[in-house]
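Here chain A shows up in two complexes: once beside chain B, once beside chain C.
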Partner chain A sequence: MTQSFKDKAVIVLLAAAAAAFTITFIAIEEQAEIFALILFAAALVFAGAKFGFTRSIAQSLSRNERLMNVAVIAATLVVIFWFREDHFPLLMIATVMLYVIACCGLNMQFGYTGVVNFAGAAFFGVGCYTAAVLGDTSIPLLLVIILGGVIAAIVGSVLIIPVLRTRGHYAAVVTIAFGLLFRTFLEVNDTLGGPQGLGVSGMNLFGWDFNNNIEITENIELSFYLNYVILALVMVILTFVLMRRIERSWIGLNFDAVRLDETAAACFGINIKRWKIVAFTLGNFLAGTAGALYAMMLGFIAPSNFAFSDSLILVSIVLLGGMGSLWGTILAAGLVVLLPEKLQVIQEYRFLIYAVVMILILLFRPQGILPRGLRAYIPGWRG
Partner chain B sequence: MAQQQETVLAFRELTRRFGGVVALNKFDMELTNGQILGLIGPNGSGKTTSFNVLTGIYEANGGSIEFLGQDITSWPAQKVYEAGVARTFQRSRLCLELSIFDNIMIGNHKRLDQGLLFNIFKRKALREQIRENHEEARKLLKIFDPALADKMFDPVGSLRMIDRRRIEICRALISHPRLLLLDEPSAGMTHEETRELMDDILEVREMIDGLSIILVEHEMGMIERVTDKCIVLNFGQKICEGAYRDVASDKLVQEAYLGGE
Partner chain C sequence: MDVGLLGQFVVNGMMLGMMYALVAVGFTLFFGVLDVIKFSHGDVLMVGTFAGFSTYLGMTAIGIDNAFIQLVGVLVIAVGSMAILGAIIARYLVLPLKSAPPLNTLLVTLMLGTVLREAIRLFYPDGSNPKHFPSLLPTESWSLGSFTLRADSVILLIGGLLVIIGVNVLINRTRLGLAIRAVAQDEETAKCMGINFKMIVLLTFALGSGVAAFAGVMNGLYYNEINFGMGLLLGVIGFSAAIVGGLGNIYGAILGGFLFAGLQTLGAVALPFASAYKDVFAFAVVIAIIAWRPTGLIAEKTSERV
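Moving on to the complex of A and B:
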């Protein structure tokens, strides 16, 4: 067997295994079975790391990036169509995807550039409220999603001066304060529904109503959430393309330089403020677009969706997956969103468990579960 | 060389204080095209501070800096770099988790296309730029160490100290500066390594038109061998200036070094 054939086989098998695992994980209900499945997966991961499979698989993947992308998308489609008739699994999958987009925004901000943002849920929320307010107007809803991002970016600009002026803990405090203010503002603001929140009209694309189930034949009716999952998948793909292109360019390099050593960066002409503003704005834009579709999908939003704890969840996804690591973000978003839904024990002690996991990660694996690799400007090219 | 007496850099009564400490005290200095200046003095005498004030990391409290005929005294670091000043740091300041290539390209910032739209949408032109600059960085690094040039995509954190110093110098040289500031480049190297490093720097100097260098160094052999003139600082003040031979035999200088505190 040639190496390239082996690589391809590894990728296809891996994608198939991942799809099968995800389907099983989402489908089973029995708590004991879910535990067993998680333990099985953990054992596989540890064994893989111990016997060096992980490294050789990682090499196969990095040599065939395009095939890997295609395989991941195909696996996702398989999972989606497996659950084509079931509302709840599709809702969960779409939620994971929208969290992935919002966390990509955070990755742009502090994974790449080191700009902390503990108000991620607030920017996601700006997107949600944009969809609620503009959803009933004559503005095309696809445009409303983009406007959700634009308005989140604009709202974020009030934070730019404090974010540029402060560093580390202080910047964290500033963004936390902003997140709390945002929620309080929503609660007292009657035009935005106050504490009760607002209804949001569903997505409608060129006359195709996303909130209707899709009737194929008399016996086959697909869940309307399928519409949302597919649109969310398209948005995730676009977000990934943007993140990748930025990372693999001089801009990604500037971001890294700003994060790692501001003084040295300044001595080589890198405009610290400019790149922090670019990262902060793009990141909030992404969070806002995710929020807008999320609101349309749920049909209803309230200030309680955008608490500080929700911002913390976004941050913990980024840390868990690995700062700046895109695949890590997907894995972590999947774990953080799905595990509490599947395991009632976790549901109850949700935040306690998050806190413990976060501390363990920061102590023992600060680079996250799937650490970001070195920048490969051109995939497969090493000079 | 006789006609190239153009002044590249001039300090006039340059002063910088940190609280009660006068790190630079009315420092006057002039550097001409292509010259190599040795800046020496005991610990804490203000050598690094003069680099930091010149490159815009610290503001001057008094006096002025002129570079290529422009008053750059209060310019921010970025603008000073754009004008053609590049430096290394006494305590290496590379980005350890980035590759060798990344680190060198940070130094090349002004020659790369930094537009947001260019970087996101003009992928083909960007790739071309990446390949060209990779080739150039490779050539430069090859002068210092051919083995390093084959490891362009290794993380800098995995390299030995001496290789990191070489990369830091390449990062400063890649943008073809007019003035190179070297802050103790040989720290932690053996005599032989120091000699090699300086030979490499001199080789590069031949390739960059009119490059002037200020060299801060404790290793006097190196100062003697490469500098055109020397300035001795003590407590932020210039106490002596001239060719190394004259400076080394100066009474004040010997006192500053031997007389302790």
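Moving on to the complex of A and C:
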């Protein structure tokens, strides 16, 4: 009883601390303060790992997954509510969320099933362009988001044969070539706007226009990005539920088997091709839906958003968080998106620093920040 | 289409093919000895070109203005410094990750490529703007009807060919080449036979990177313009060429390089409605070829041990 109460207290405190930290981090502007905050967080994490707190916290979390999910959502809502009137912080939060969705797609592909995809930004881009083209038609915009995913999955199906027939580096080059092909195609195609890109009409849900600020009374006016953040949050939750359910189910078991040893999996009668197709298509679908909402939120897209380096950023989020680890993906997406935005001093050097950090992580902690644990069939079971 | 324009396309295509082949040879050498992809290859090429460019500026500054001596200096510095850089990369980034999943090596070198690219952009004087690379080769040209053949193109093509033949002789006819091939075939047996594995890996990376630097200088001399981003596309194309030809096989790399250049040229000539789509066309064909021959045109010999 006391144990379970302690667990719950730890989770609530942790969520509150995370919310407070995120709010402070987004709110402060002074560069020195931001650096101090980052150093403080790093020291805290390091000390936690050193004295074994991290381990016991992780156990508390895994025993109460349901409560943890609720606490995280509540913490996110607190952060969103805090910044209800500020455009830029909300835009950043929504961007993080959409990156999380796209990276969940990639996680399905190479975190779960081991199908490499270096064209994540291209499938994200398919979603964006779908939203741009279909946004002006009479199709309901919520449907356009889903269509963005569907069309990304259909475009991805062109690659299924080469992806299935190849392995390792050969498979990598298929997707890299596709990513480059996609961007060059957009740049030379005049109907899709060429290098200048296209404007996208904003989200509109049952007559509720997302691009208007929300006026509550005379002097309380909420940022219109709040609409997008909340929709993105709903999408993240749906994606998360989908990913968790798949991971826990026999489908996830098949994915793991295919990733770990194709030959052995085939010997046990697992249809490798089927599961690779399922993972590849579902992953592209998720990236496409995220792209569609992203385009509506920004209102404008251009081919330069979907370069090879953007695909690399998505891949490095997955790797940084830990392959197949969903919480890790969220943390890594937050770091990769927010750090460069906040550290204006390093703005110019951000790709350089970011690449150096990635090299160090790959050399010294190749399993990522929060590596995916072993499958736990009984919550809280310590094997 | 008239003969002159066609001839121009052919010369241009051959020049591109030579450059791609030189880059692809590097990829295939690295893959041979270590089964890794070093994706920073294109950016090493770019750094090599900038090293050569700086050498040129330095030589002009101290008053050496004989074009031939300048050319030799540029080549020696570019190739030499990149050979050293290649060996350093192998020693500190690739070898430590030898037992890690191949994806990690790929990512580490991709990130290193970003580091090199950004370093040139930020720290080279005025590095974010394109630089005018000097023409150090004779500039005469011969006219054959409507077709003009430039002397520098001929010299570059012959130079590239000599380098490829040189690498081929080195791999197939010398003791060093024998050691490289032995390591490529079976690392452990090669070690048992007294081959210094680490040394051979470093030498191979030095060789491949030097060849890339040569290709970079060639690119600079031909187009007379260099910029910090030139390596990325050349690297990806070289990688695709090596893959299409079949990794681990030098002839495959050469074939792949010329094939890719041929496809681009064909795309530019044969798609009159949209020559802008030539890269789209070339990459689409590459994907199709990989779907058709999953381990490249000259297939890598593999047998899976269970």
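The rule we apply is simple: the second predicted complex is superposed on the first by the 373 of 383 C-alpha atoms of A that agree within 3 Å, B and C clash if a C-alpha of one lies under 4 Å from a C-alpha of the other, contacts with A are read in each partner's own complex, and residues count from 1 in each chain.
Operating definition for what follows: a contact is a pair of C-beta atoms (placed from the backbone, for glycine too) under 8 Å apart; a residue touches a chain by one contact, two chains touch by 3 or more.
Just so it is clear, the structure is predicted and the values come from calculations on it, not from any experiment.
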Superposition-derived comparison: chain B or chain C, residues of chain A touched: C
For A:Gly269, using the defined touch cut-off, is the partner it touches chain B, chain C, both, or neither? Pick first, second, both or neither. first
So in the superposed three-chain picture, is A:Met243 touching just chain B, just chain C, both, or none of them (first/second/both/neither)? neither
Please indicate which partner A:Val144 is in contact with in the superposed arrangement: first for chain B, second for chain C, both, or neither. neither
Mind working out whether A:Ala122 is in touch with chain B, chain C, both or neither, as first, second, both or neither? neither
According to the stated criteria, A:Val278 is in contact with first (chain B), second (chain C), both, or neither; which is it? first
Thinking of the overlay built on chain A, is A:Val315 touched by chain B (first), by chain C (second), by both, or by neither? second
Which positions of chain A sit in both the chain B and the chain C interface? 263
Could you list, by residue number, the parts of chain A that touch chain C in their complex? 110, 116, 159, 161-162, 165-170, 172-174, 176-178, 180-181, 184-185, 188, 263, 308-309, 312, 315-316, 319, 348-349, 351-352, 354-356, 358-359, 362-363, 366
Touching residues (chain side chain A, partner chain B) in the complex: 242, 245-246, 249-251, 253-254, 256-257, 260-261, 263-271, 278, 374-378, 382-383
In the complex, the residues of chain B that touch chain A are 55-57, 76-78, 81-82, 86-87, 89, 93-99, 101-102, 105-107, 109-110, 112-114, 116, 119-120, 123, 126-127, 130, 134, 138, 152-153, 155, 171, 175
Quick one: in the complex, what on chain C touches chain A? 31, 37, 93, 96-97, 100, 102-104, 106-108, 110-112, 114-115, 118-119, 122, 232-233, 236, 239-240, 243, 247, 274, 276-277, 279-280, 283-284, 286-288, 290-291, 294-296, 304, 306
